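Next come the structures, one after another.
Across the two complexes that follow, chain A remains constant while its partner is chain B and subsequently chain C.
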Partner chain A sequence: CRASSDGKPEKFQPPPKPVIIDKQKQRAERRFLSPEFIPPRGRTDPLKYYMERKDMIQRRKVFNIPEFYVGHVLAVTTADPYANNKSNRFVGICIQRGGKGLGATFVLRNVIEGQGVEICYELYSPRIQAIEVLKLEKRLDDNLMYLRDALPEYSTFDMNMKPVPHLDDEEVRVNKLQVRMKPKPWSKRWERPKYNIKGIKFELPESKMKEAQKWSQPWLEFDMLREYDTSKIEEQIWKELNEELKK
Partner chain B sequence: MMPIWTKSGERHAVTLLKVQDCHVLKYISKEESGGKTAKLLVGGKNLSPFSKPESAHQIFKEAGVPRKQKVTSFSVTDDAIIKPGTPLYAAHFRPGQFVDVTAKTIGKGFQGVMKRWGFKGQPASHGQTKTHRRPGAISTNKAAKVYRGKKMPGKMGNIYRTTFGLKVWRINTKHDIIYVNGCVPGHTNCLVKVRDSKLPTCKESNKNPPFPTFFADGDEKLPEDLFDEEIFQFTEPSVTYT
Partner chain C sequence: SITGACQAIQKLTRVRVVDNSALGNTPYHRPPKCIHVYNKTGVGKVGDKILLAIKGEKKKALIVGHKMPGPTMTPRFDSNNVVLIEDNGNPIGTRIKTPIPYILRQREGEFSKVLAIARNFV
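So, the complex of A and B:
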């Protein structure tokens, strides 16, 4: 043992306690409530949403619907009575998630042999046999409909793509890709502020961008009647979901 | 409205109807009512007794039931008479039966002839002076009058209409909900009259109903959910074709 400079024996300092970062607990903290569970604002009886939620939970117990956002690349196998093997596999990037309750849908887009194809699937349809997430990446926007007017290379995905390995980390990576567009005319005027798109590299002249700002409605974000605070509703539904799925 | 899938993978849209505090209020015999069959007055959805005078509460007091928002009459055969005061439940109907639903349509107010009767109107341009949504001619020269019942602008909606032959897909006995195929007149949360279908094609499916009605305090214990045979249950695995 070392003698201190004072000459007195040093008091025993225990080593610092190791801080155990429990990764499983951290993973559980990340909540994802699928958007179709949140009831829309309206005058319908909450009993209707409760009945729908019971059915949705029933379906989720039997069939695994993975967590996915707009921008993920998914592979969906559906049962098709007119196909060779009675099943149909489609790979594509999810450009939109719509609908609430049992009728929730998601649109997958891919370019096959030069032809752009978009298929709208219902999440809870019994004809879907498997949904696999091939690539996990969020994009800058919630709605990637502008991919229709973008160069086809941004929507092409190989049909036999291998699933990209992804650790069960905290965050889903956000791809800050700025997409290049085909020359105008587009199907919608994506430069207008109402679409609020951040994922396009606009190569339009400054005058056009300024003119597009004429249609901006800056008072919308302060409109209190449009506010729909879903935090409490989401908490309740999250608790209900977890209790039911554990059974 | 909700989607529902059959075992063969077809998708149908379904309306949810809730049976809320329905009681039989009065029995009117064939001679009293002056019709061909006896009538039963049924009331639905409880309301507070304070907003109406005492004279209006007569029928409800005799039946021993709180005041109801809506009172309708059903024509019944003599063997299906129920004692006034019995509650009626959703289990009165069974999946696979066909049903007629009556309700007041959504009121649209005073509407023009194009929306109310579906007239084509006139072109938007090519010289039309102040005439784009008008009815045009209302009668011929020889008639020299306008016929009664001529389609003209007026108040549209807020009248009773019936949709016939709707199939019952599912019944929830715990919350008293009937899942009925297709759409139903009226706005969300409006009061609706549900009756066994009178269509000749639906007579066979309505052969074995719970007669005269489903009694909750009886011996029959029904499961919480009653499904039609063709419905895809979510407890089963996904549909496959062979």
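So, the complex of A and C:
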């Protein structure tokens, strides 16, 4: 107890409250809208996409689908009637995300015992029991199909891999890895500008690279009929999503 | 006439034998090829029996994985995998190291012996 100068007991003064600065809330809220919510360009009735979105949100309320991009390493457990313990776990790198609406899919690739295996999973399938993100890592491309023609070491991931820790407020880092390929012939001619791949270390001679540029179509990026501006649609869908998820 | 698009395993496809049998693993100057598919359509998918020509002999085999994408949630392999089999369904090899899809468990009656020697499932 403090003895006051008056001799009377001083009124208890609580210590100053520590001010907690929550850095997570201070930084701008990171928005991520899953690509399957954005409706494709076309003349179908938007009511169809609205109804699909409602169903997608319902599923998301029950089952957590984490944010992931192409290049992440995921572990998916599915319900399988023919497996031991009725469930089946597969670990792999996501090489592509396709489809819109409820039929959205993602393909996971892994090399097991020297054999490359790819499984295409449907995001909203009731058979999926859990999706865990083991490693958060974006790559230079949207589509990693060239991993089929790359050396198998780039697609091998341990089935019992431990999840790599990642802080929630940091940006997802981009891995600028340049992948080395097996000798040609490849399944697709990845050096051609149509695929626009930046993640391969091409060890081809200069003449071959120049020849590949013959197939470039530089007018495509200026084609106004192919433009599809999704910013307003995304804003709308983001608001809708947040409202529904809060309920 | 135009031939239909090649799907999965049909006549004259080169296959890869994945068990540890002597016939499958000894090197030969010609790769093992399919000469007949025991199916109403001539196209073989996972779980179909085919006739293989290996080292100048005819042998039956079971398809355990192909390069063609199948239904969603089923695995797609990077090579056409095949397990050598006798006429009565007994496998010739004693171990299968490469992963086998779980779908084969559906026909447990016919393939029980093959599934018994398989090590990894996908």
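FYI, the second predicted complex is superposed on the first by the 221 of 247 C-alpha atoms of A that agree within 3 Å, B and C clash if a C-alpha of one lies under 4 Å from a C-alpha of the other, contacts with A are read in each partner's own complex, and residues count from 1 in each chain.
Please note the rule applied: contacts are C-beta pairs under 8 Å (C-beta built on N, C-alpha and C of every residue); 3 or more make two chains touch, one makes a residue touch a chain.
What you are looking at is a predicted structure, and each value in this text was computed from that prediction instead of being measured.
By the document's definition of touching, neither partner reaches A:V174: not chain B, not chain C. With both structures placed on the common chain, the touch criterion links A:L204 to neither chain B nor chain C.
In the superposition on chain A, A:D80 makes contact with both chain B and chain C. Applying the stated contact rule after C-alpha superposition, one finds that A:G101 touches chain B and leaves chain C untouched.
Touch criterion met: A:R43 reaches chain B, while chain C stays clear of it.
In the superposed pair of complexes, A:C120 makes contact with chain C only, with no contact to chain B. Using the contact criterion defined above for the overlaid structures, shared-chain residue A:M161 touches neither chain B nor chain C, since it reaches no partner.
Looking at the superposed arrangement, the partner reaching more residues of chain A, out of chain B and chain C, is B.
When the two complexes are superposed on chain A, the residues of chain A that touch both chain B and chain C are 80, 122, 125, 127. Those residues of chain C that touch chain A in the complex are listed here as 18, 65, 69, 72-79, 81, 97-99, 102-106, 120-122. Residues 42-45, 47-48, 51-52, 55, 58-59, 61-63, 79-81, 86-87, 101-103, 122, 124-129 of chain A are the ones touching chain B in the complex. Of all the residues in chain B, the ones that touch chain A in their complex are 2-3, 5, 9, 11, 16, 18, 172, 175, 177, 188-189, 232, 234-242. Here chain A touches chain C in the complex through residues 78, 80, 82-83, 88, 90, 105, 112-122, 125, 127, 148, going by the rule given at the top.
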